[in-house]
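We call the chains A, B and C, going by the order they appear; numbering starts again at 1 in every chain.
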Amino acid sequence: MRWRNLSPRALATVAVLAGLAIVPPLALLTGATFYIDVFTRIMIFGIAALSLDLILGYGGMVSFGHAAYLGIGAYAVGILAFYGIHDGFLQFGTAILASALAALFIGFVSLRTSGVYFIMITLAFAQMIYFLSVSLNTYGGDNGLNIDRHSDFAGLLDLDHANTLYYLVFAILVFCLCLGRRLVDSRFGMVIRGARSNERRMSAIGFPVLRYKLTAFAIAGVMCGVAGALLANQQLFVAPAIMEWTRSGEILMMVILGGMGTLIGPIVGAVAFLALETVLADLTEHWQIIMGPILVLVVLFGRGGIFGLLSRWRFARHRG
Amino acid sequence: MDPILVLAQALNGLQFGIMLFLMAAGLTLVFGIMNLINLAHGSFYMVGAYVAAATFQATKSFLLAVIGGTGAGAAVGILVEVVVFRRLYARDHLDQVLATFGLILFFNEAVRMIWGSTALYATVPHFLAGQVDILPGVPYPAYRLAIIVVGLVVAALLYLVITHTRIGMLIRAGASNRVMAGALGVNVRLLYTLVFGLGAGLAALAGLMAGPIFTVESGMGEHVLILTFVVIVIGGIGSIRGAFVAALLVGFVDTMGRAFLRPLLATVMTASAADDAGPALASVLIYLLMATVLFVRPRGLFPPRTR
Amino acid sequence: MAEPLLSVTELFKHFGGVVATDNVSLSIAEGELHAIIGPNGAGKTTLIAQLMGELRPDHGSIRLGGGDVTWLPSHRRSRSGMGRSFQITSIFPDFTVLENVALAVQAHAGHSFRFWRSARTDPALQEPARAILERVGLAIRADVPAAVLAHGEKRLLEIAIALATRPRLLLLDEPMAGMGPEDAARMVAFLKRLKGAVTLLLVEHDMDAVFALADRITVLVYGRVIASGPPEMIRADTDVRKAYLGDDEVP
C-alpha cells in the first residue's frame, strides 16, 4: 500500500490535519459540542507552538518569552474592541504590526547575546510586557478585559458560530504549516538552519547571520501574534495571565513534547499537552504534582518527543 | 523629599539586595561550576520559608526555625541534585530549563498539598520586633537591620571560604576545569552535591528571612527567581563578586523605583497619570537595566574567564 | 612587479603581557602558494584569526587586492574574496555533503531573503555545488550526511566549502591535520591541482607537504617573522634550522 512510502512526517501531518478537520461534525454527532471550543483552543496553541518551532527547532534560538506575542496579539484585539473597533481586518492588522515591531525590537537587543543570556533576556522582555499590561488599569489591569463582540470581517464570517471560528483557526493553522514548510526549505530557511548548525562557519563563508535571525524572530513573533488575536476571539477575554512566564514555558514544553524541528510535532505537542492537562485536572485538583514530574521525565528520557518516538517505532517495525 | 524617608528606603533597598545576593550566590555558583540553569532555585527559597514558619508555629523557637528552614532547603536541594540534576549536567540548557520548570510545578503543588492554599503566617521574633536608631533620631526596623547584617556576614564568609580554604580552591578548580579536577583525584560528584546543597541552603535562608516581610505562599519563589536571574545576568554568570554588586544594584534600583517614581513623575505629570505610569515604570525598571547592561556588555559586568 | 594580492604590513597583537603577533609583514602574489610554518605557540592561529577578521589587530594593516580589509568583519571579508578552511573541522554536520557546499554557494549568490522556493532543488545552487564536489573528489558522497564522513573526507569537505565561495585568496589552516600518510598524499595531490587557479596561503606542520607545494615560505617564531623566501633559501637558513627544523629533519 502506498501509505508505507510516505515519510513519518507526511503521514503524521495528514493524520493530524484530518483528525482536526472532523472534530466539529464528530462533536455534533456525539452531542459533546464543547469539544469544538476545546479544540479551537488547542489549535490556537498549536499555531503558537509552531511559530516557536521555527526559531527554536530550526534556528536554535531558545526564546523563553514567546507568550508575550500571544499577549500582544490578544490585547491588540481587546484594546481595539474596548474602543468600539470591531473590524477584524483592523484588529488582526494591528496585532500583526504590533507583534512585528515588538519582535524586531526584542530580537535586536536579545540576538546580540547567546546561550543562557539569550534565554534570560527574552524572558525578561516578556516579563516587562506582562507587568506593563498588569499596570494598565484602563484595560482591566490584573483582572483582564472582556470583549463583547467577535472580530467582524466585513460580514464575511460569523464568528459567533463555534464552527466558523473553528474552521477559521483550522485554516490559519494549515496556512502556517504550509508557510513553515516552505520557509524551512527555502534559501532563508537554509541560512537559519545553517546558523543553528555552525554559526561561526556561516559568518566565515559570508553570511551576515544577524539580520536573518532577526527576520526569523519577527516572523515567529507575528505568527504567534495572530494566534493571540484568535485567542482573544475564542475567549472573548484578555488578561495579563496570557503572557505569564509560565505560559512561555508551557509553549516550550509543547514543542519539546511533540518533537522540535518537525513543524507538525509542536501541533501534536499542543494536543498532547493540553489534553494531558485536562485529563489530569479532571482526576485531581492537585494535577500539577503529577504534571511536573511527567514533564521532567519527558525531558530526561523522551528523545525527540512524541514524534521521535513514532519515528523510531516505525523504523523498528520496518526492520523487524 | 524627606531625607529620613530616602534613607529608610535606601536601607530597604540594601536589605532587598542582600536577600537577592543570597539567592544569586547559589544560582551563579551552580551555573558557573556545573553549567546548570536551575529554574527550581526559587523552590528552595519557598521550602525554607515554609519549613521555618511551620517550625516556629510548632516550637515557638526562632533558632529551631532557622535551623529547620535552612536545613530543609539544603536537604531538598541535595535530594533533587541526586535524583534529577545529575542527569542534567550533560544536557543542553533548553533541557535543563524545561526539566526544572517541571520541578517548579511539582514543588508549588506539594506545598499546597501539605500546608493548604492560604498563605502561612510568619512572624518576626520578639527580640527583633522593635526599631533601632541607626542615627540619632532615625529609627529603622530591627528585623530588616538584622537581615542586612546576616547577609553581609554570609557574604564575607562565602568570600573567605572560596578564596582562602581548600574547599574553596576545589570549587574554583572545578569551575575552571571539571575534567582536569576529576583526573587529579577530586571527587567531583561529591563536590557538586555539596555546592548544590550550599546554594539551596542559602536560598532557603533568604526565604525564611523574607517570610515575615513578604507572604509565605505557593509560588512565592518565582517572582524572586526571575529577579535573581536578572541579578546574575547583570553581574556575569558564574561570578560571585558580580552577583554581589548586581544584587545590591538591583535591590536598590527596584526599591527606590517603587518608592519614588510615582511622586517623582507626579511633579511633571498629572497625579492620575503618575498613578498609572509610576508602578508600571517601576516594575519594568529592572528589566530595562538588564537590557541596557547586556546591550553594552553581552556577558554581564564581571564575566568570569571562560574555560 | 605586480601588486601583491595580499599585503600584510606591520601587524601587531598582544594579549595582556603576551605579544602574539610581533610586527609581522608579508606579501603574497597572485597565483602563489605561500606557506607559513613555525613551532606550536608561534602565533600562527592568532595571525590567521586577524587575517580572517575574527580578531582585531592592535596595529598594522591588511590589504587584499589593493583594498584595506583590516577592520572588516568576517562575513564581509569573505565577500571581499578571502576564504578559509579551519584547522578543527568546521562543517555543517546536520546537512548532507551537497547541502554543505550549496550553502557556501548560496552565500555568494545574492541575498537570501527568499522564502518560498526550495533551495534544495534550485539548480543555481545545486550545479555549482556538484561541480565543486567533483573537483575535490567527493561527488559520490553528495547525499551522505556530513556527520558520518571519514576524517579525510571531512577535511576535503572543509576545503570544498571554502572553495565554493569562489575566493581570490584561500587560507588553509592545517588541512592535513590528523591525516594518515595515504590521505595526506591525496591532499597534496589535490592542492597541487589547485595551485595557480586560486592563490593559496597554507599553514602546515607537515614539512614534506610544505616543501613539495610552496612557492614561498614564511617562518614564524614567537610571533615574529624570522625568515621569508623560496623553499631552498628557507632550507638553508641557519636560524630556521636552529629554531624549528632541527638539523636532522631537513627533507
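Convention: a residue touches a chain if its C-beta (ideal position, glycine included) is under 8 Å from a C-beta of that chain, and two chains touch if they have at least 3 such contacts.
Bear in mind the structure is a predicted one, so any value in this text is a computation, not a measurement.
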Q: Please identify each chain that touches chain A as well as chain B.
A: none
Q.
By Cα centroids, which chain is closest to the centre of the whole protein?
A. A
Q) Distance-wise, how many Å sit between the C-alpha centres of chain A and chain B, to the nearest whole number? A) 32
(Q) So the centre of each chain is just the mean of its C-alpha atoms; given that, what is the distance between chain B and chain C in Å? (A) 49
Q) Could you state the distance in Å from the CA-based centre of chain A to that of chain C? A) 44
(Q) Quick check: in the complex, which residue numbers of chain C touch chain A? (A) 52, 73-76, 78-79, 83-84, 86, 90-95, 99, 102-104, 106-108, 112-120, 122, 125, 161-162, 164-165
Q. Mind pulling up the chain A residues that touch chain B in the complex?
A. 56, 62, 64, 109, 112-117, 119-121, 123-125, 127-128, 131-132, 134-138, 245-246, 249, 252-253, 256, 286-289, 291-296, 298-300
Q.
Going by the contact rule set out above, which residues of chain B touch chain A in the complex?
A. 31, 37, 84, 87-88, 91, 93-95, 97-99, 101-110, 112-113, 222, 226, 229-230, 233, 237, 276, 279-280, 283-284, 287-288, 290-291, 294-295, 298-300
Q: Going by the contact rule at the top, pick out the chain A residues touching chain C in the complex.
A: 182-183, 185-191, 193-194, 196-198, 200-209, 212, 215
